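Here is the structure we will look at.
A, B and C label the chains in the order they appear, each numbered from 1.
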Amino acid sequence: MGFSLTPKDTGFYDLFSQSAKHLVEGAAELTAILGATSQEERELIAKRLSEVETSADEATHELLRKVNSSFITPFDREDIHGLASALDDCVDHMEAAADLVALYRIDDLPQGVTKQVEILSRMADLTVEAMPRLRSMKDLSEYWIEINRLENSADKAYRRMLAELFNAEGADPISVMKHKELIDELEAAADAFETVAHKVEGIAVKES
Amino acid sequence: MGFSLTPKDTGFYDLFSQSAKHLVEGAAELTAILGATSQEERELIAKRLSEVETSADEATHELLRKVNSSFITPFDREDIHGLASALDDCVDHMEAAADLVALYRIDDLPQGVTKQVEILSRMADLTVEAMPRLRSMKDLSEYWIEINRLENSADKAYRRMLAELFNAEGADPISVMKHKELIDELEAAADAFETVAHKVEGIAVKES
Amino acid sequence: MGFSLTPKDTGFYDLFSQSAKHLVEGAAELTAILGATSQEERELIAKRLSEVETSADEATHELLRKVNSSFITPFDREDIHGLASALDDCVDHMEAAADLVALYRIDDLPQGVTKQVEILSRMADLTVEAMPRLRSMKDLSEYWIEINRLENSADKAYRRMLAELFNAEGADPISVMKHKELIDELEAAADAFETVAHKVEGIAVKES
């Protein structure tokens, strides 16, 4: 990382930790929408997740403003930018998924969706726990290894669900389309969490 | 931006302005295809938009060649590259949308599509007007704020259309799929315009 | 490229050549799955392509580790990274396409799919032949020109297929969806090969 004559601004680490907290909030709302029993409730929860997404956006912008106005940053500017954007993408996909549930009035959720959202919740917890360790760059490998493992299992669940969805006898095509979009959005969220882990791995390799 | 002992090449600004003109031409053809009354007319207009796209490609390549062969550039090479590619993407999505209308013989366009294309036309006008201001880097913030506002309203219209499309009683699934693809492509075009605005904002923040 | 006082590590070129070999293996399995006559055979071939994909992943990681641990690289680190990732994407899309054939039990492949896979095979052959020429940076332009030509013809075949698929009388919507996804994935593979060619062109322009 070269040298730094002045202590590095520790505010960045706090901002990353704050940013990651939105992931946990997002995953909690996503879990809640699966258990919703009315369209009103689904719309209410989707609206709350949309507010989480707005806060996450603001946190990202604050991070980027700080990068632009700081003379010294704890790691490369483009890596800070990449990690902040990757965290933001996770929330975006979770918000989009909740929005689809409300928008399409999906009340007969495919069973596997619960499994997908459980994996996302676990990923969110692991990510928020890993952020403070960016400061020391220590003990991060168990985080990204576990995220990779979870993403692989999400991927397997995803493919199994698609096979079931498309091979079901007498399925209603419009329903299949709606479910496919939701399942795809949740899979995109899992991929986004893996991207965050890749960025963290990249930073750790470079800085160590 | 560091320093520059020689005057910067102003050709870049002209090339960006020329490049942006393809957006206005593309949006005009897209508006025209909505009013087409026969399949022949739709194919003719799609073909014209495809020629606009080819010209836009050439303009992009000229910009990139100029970047590669210039010793001094008005702003960072990678930013010039990024902005040129982002402008190109707008035309690509508009061309793809017109192509879908002709290809799928869509003659019963969902009403909201007109609204989507109106927003794209407004975005194209704003973008072409903003390009010459890259030279002074002044008065650009109203441009990107307005593009963001338009993109948000495009996004709301988009989601409302999808809800209507999927929740319509007795809809023909194949028609739903065709319309979904067209609506998605137009939404991708609006996103591409927002990306252009983000790139301009990024350049302005860096250079100011 | 500036100067280098020590001979550059030639291991990178070998790694790129090895990496590209997975493309040829992938294309061969993709060709095989089109001729499969039972679901068991389709699943077996999809599994083999999945193993090719795993090997390709490992080759990519080896390249990236080498970049991170090398003091001198034959061309810019980010270009090596970009090219390695782009090669990896080609295999990923071919693997995903084979997986869809097995997963959706597609036994009535649309005719155009054969044409798409033939183009991918040709692209794989050209790419593997081009890799050793990275060393001299000579005679590469015929490679990227031919890839661009093939991608254009793939694109035309793709659009024709979609028109046929969606305009067929009395088509089963679920079948249309399955076929659309497969055709899209093969088109994404062709795009990925074009991205590889763009990366090679970018490197050649910079280094020459």
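The criterion applied here is as follows: a residue touches a chain if its C-beta (ideal position, glycine included) is under 8 Å from a C-beta of that chain, and two chains touch if they have at least 3 such contacts.
Quantities reported herein were computed from a predicted structural model and do not represent experimental measurements.
Comparing the residue numbers each copy contributes, chain A and chain B share less than half of them at their mutual interface.
Relative orientation of chain B with respect to chain C corresponds to a rotation of 120°, obtained by superposing CA atoms and rounded to a multiple of 5. Spacing of chain A relative to chain B, judged by their CA centroids, is 28 angstrom.
Each of residues 173, 177 in chain A touches at least two other chains. Across the complex, chain B is touched by residues 159, 162-163, 166-167, 171, 173, 176-177, 180, 205-206 of chain C.
Of all residues in chain A, only 68, 99, 103-105, 173-174, 177-178 touch chain B in the complex they form.
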